[in-house]
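Here the chain labels run A, B, C and D in written order, and each chain numbers its own residues starting at 1.
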Amino acid sequence: MIKKPIITAAEAAALVKSGDVVQVGGFINCGSPDSVIAAIVARGAQAPRELTLVCNDSGLHDEAKGKFTSIAPLIKAKLARKIIASHIGTNPETQRQMNSGETEVLLVPQGTLAERVRAAGAGLGGILTPTGLGTEVEIGKQKLTVGSKVYLLEEPLPGDVALVKARKGDKAGNLQYAKTARNFNPLMATACKLVIAEVEELVEIGQIDPDQVHTPSIFVDYLVITGAAT
Amino acid sequence: MIEYQENKEIIARRIARIFQTGEVVNLGIGLPTLVGNFVPADVTVILQSENGLIGLGPAPQPGQADKDLTNAGAMPVTILSGGAFFDSATSFGIIRGGHVDYTVLGVLETDQEGNLANYKIPGKMVPGMGGAMDLTTGSRVVIAATTHLEKSGTSKLKRRCSLPLTAANEVNIVVTDVGYFEVLGGRFHLAEYFPPYTPDWILAHTDADVVVRQDCKAWPPEEGCK
Amino acid sequence: MIKKPIITAAEAAALVKSGDVVQVGGFINCGSPDSVIAAIVARGAQAPRELTLVCNDSGLHDEAKGKFTSIAPLIKAKLARKIIASHIGTNPETQRQMNSGETEVLLVPQGTLAERVRAAGAGLGGILTPTGLGTEVEIGKQKLTVGSKVYLLEEPLPGDVALVKARKGDKAGNLQYAKTARNFNPLMATACKLVIAEVEELVEIGQIDPDQVHTPSIFVDYLVITGAAT
Amino acid sequence: MIEYQENKEIIARRIARIFQTGEVVNLGIGLPTLVGNFVPADVTVILQSENGLIGLGPAPQPGQADKDLTNAGAMPVTILSGGAFFDSATSFGIIRGGHVDYTVLGVLETDQEGNLANYKIPGKMVPGMGGAMDLTTGSRVVIAATTHLEKSGTSKLKRRCSLPLTAANEVNIVVTDVGYFEVLGGRFHLAEYFPPYTPDWILAHTDADVVVRQDCKAWPPEEGCK
């Protein structure tokens, strides 16, 4: 197997370009690539701007506790032009930017978001889902009848860069996620041109059981080693 | 005269009595999460959490929280022996595919057509739908859990929701702190009233068409009548 | 967790009814529930008939060597009315029954078959795929344009019974597959009303790492223990 | 006069020289499988097998076959360190999603429009398409591997396939035992001829429009010219 380049969070951050569609794994406060996100913000004036962020949610934004998780630091630094997520209820700053017109927010049902990302990675032109019928989600979408049931056509959602977080990676780029920190990470790793995986632990090739690989190596372009978080 | 007093616990207690052993249940954030505390000891339900697990266990002991193990409300949780983790596409495959028996959700409004609104108050608050639209579409039975009245005194059960819908015609059961309603044929059917509230009180305090079922009874049953 | 009933292959066979759509895991000679298949054939006059079999392929049928794998014994016993598969090239009896008009054969591209089964299990109304465009596969199907690309609408393929084969199962029904014996098994376990899993090894609940479950317990209705095959 | 002699090995040898280190390749059943034997030692390709693995290794030693580890042709295989197994939906997600760089397939016929037929001879033989339709649709580059002539002497490269198509306008490269062709703009472009065959011989023995590229050269290059 081919070894993948191991880079620093700062080097990873420099691979994200202004205007990119960036898919970020994680679920509120669990399973996000926090080191790379911090490194993007740390670029300051050099940080990429006008990003479209795709994430399950917009993370925790708690000014009082100084707690900012998932993509919240990117939003706080005003690097996003658009946010595509299923939930923004834990981030009042997202709401504020949306209401003020600074940032566009597209809300997508969580299961539909997962399938749209998966479809992009799997070369599908879209999927038909009953989710969102009879709600604002159906606006502007094609309805199709299959059998006797009506479905919405939901289109694939590809990205330029995926930032994912894994518990363990081998030097070839095979990844294993831990518990509910898995969430959108493996889906996004299939759907983007460039995939950067932040791993807590790096192991030698051969140390991950091939029956237990969550993301096969071929999807991963770069590895960032963070050590275990606390 | 009966004075209304919010009582979330009775809602959770009543819903917890609906399930049977082996059924798969998803409990939403907030009030629905309380339901898990009241499932009878002789009933084993399997809790699913849409962020990617089956076999949700109780909250961890203090100091035992695992940063990689949370529920959909970002709270630390545990997993029972025999549980499983999976990604979000698999999780919603389980949900959308009809493999969840019950979903219990909190509401801003619900109505006699089985509509439910809980993700958006235009111009005010937009938390987003999260997994709620998939859960209401995919689960076999949708249970709305809500206090009966707003703090302002208005009924949360409506003829027609005015807020943007999370689910259209999907709600099967509504349990409030005054009674248990089935949603059928465009009306609420009162199946149980929770004393001190009476069917008459409920009819007078619900801004929707309510039918009192002929077999409508008090809950919980008097100890003496068990 | 709830324990699932452990039954014999003969008891499992009796759960399959005439006319059922039966999805069978396995890939030619790897990963099929051979014990249950043998038990169905062993029912003789009581065996279910007019089955629709859904399988990657129709197995090996080698009269000379007396070797019959996957669904080949069911076809040999003439229990199938229809076979839905991607490949029948290793089973001359399937070809013979097709040519003689005894059995209907529907050929489906392998990736489309996988997605159609998955869609049934995941509550999707179908998927859009570019596979089969410009070939006989597109006949009778709806074409949709998404972006600038044309796709075929492929509908979900649900089943009445899934017969799957796993390396290991716990008493709750969590399954792990071995190597390439995984194939269609986990997909079919999601797509059918009744799921019977044949496992080589039964372990206690808790002995399968929840991060490494291939099929979660809730999909499985019955377990059949075969011991390791040779 | 040059007499045609079937030579599968040169086809496999030439195709094996196309790949670069790190590229993901799927080799079809039959002739394409031979390609794996000729990849240069200094090139590391990653072989995918559509029945569910990445990192396909060589055939096992005698007596070492694992009943749970086969390739798409039902032959026992091995997996390299760092490989991975997955289910069929994931496998074809990899294929259809454009994550396979090259697919090498055998053909019954292929034509100058990039069509390929290899799954069905109506009324005679219907093996089925297996994964070939997804592989030709999804892979970045589609390579048809075929002897140049049928045993009957007819060209397997056609103006227009007459058999039911496996792939419409998907073939990029055709390697036969007489030369290496690119498929472009509705014609075969001869990029290399394999001596003793000559461009003239190839033009005379191909029932299709063939352009001889200006830089068309012999392959393998003479040892002396390396």
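Going forward, a residue touches a chain if its C-beta (ideal position, glycine included) is under 8 Å from a C-beta of that chain, and two chains touch if they have at least 3 such contacts.
Since the structure is predicted, the reported quantities are computational estimates derived from the model, not experimental observations.
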Other chains in touch with both chain A and chain B: C
Chain located farthest away, centre of chain B as origin (C-alpha): D
Between the pairs A-D and C-D, the one where more C-beta pairs touch: C-D
Euclidean distance of C-alpha centroids - chain A vs chain D, Å: 36
Whole-Å gap between the CA centroids of chain B and chain D: 57
Averaged-CA centre spacing for the pair chain C and chain A, given as whole angstrom: 33
Chain C and chain D, separation of their C-alpha mean positions in angstrom: 30
Residues within chain A bordering two or more other chains: 115, 118, 122-124, 129-130, 177-179, 182, 210-211
Touching two or more other chains - residue numbers and ranges from chain B: 53, 79, 85-86, 89, 92, 95-96, 137-138
Touching pairs among all chains present in the structure: A-B, A-C, A-D, B-C, C-D
Chain A to chain B touching residues, read off their complex: 27-31, 56-57, 60, 85-90, 95, 98-99, 105, 107, 109-115, 117-118, 129-137, 167, 177-187, 214, 229-230
Interfacial residue positions of chain B with respect to chain C in the complex: 21-22, 24, 44, 46, 48, 53-55, 79-86, 89, 92-99, 137-138
Touching residues on chain A, where the partner in the complex is chain C: 115, 119, 122-130, 142, 144, 146-147, 149, 151, 153, 155-156, 176-179, 182, 210-212
Complex interface listing, chain B residues touching chain A: 49-53, 66-72, 74, 79, 85-89, 91-92, 95-96, 115, 119-120, 123, 125-134, 137-138, 164-169
Residue ranges of chain A touching chain D (in the complex, touch as defined): 1-2, 118, 120-124, 170, 172, 174, 190, 205-206, 210-211, 213, 216-219
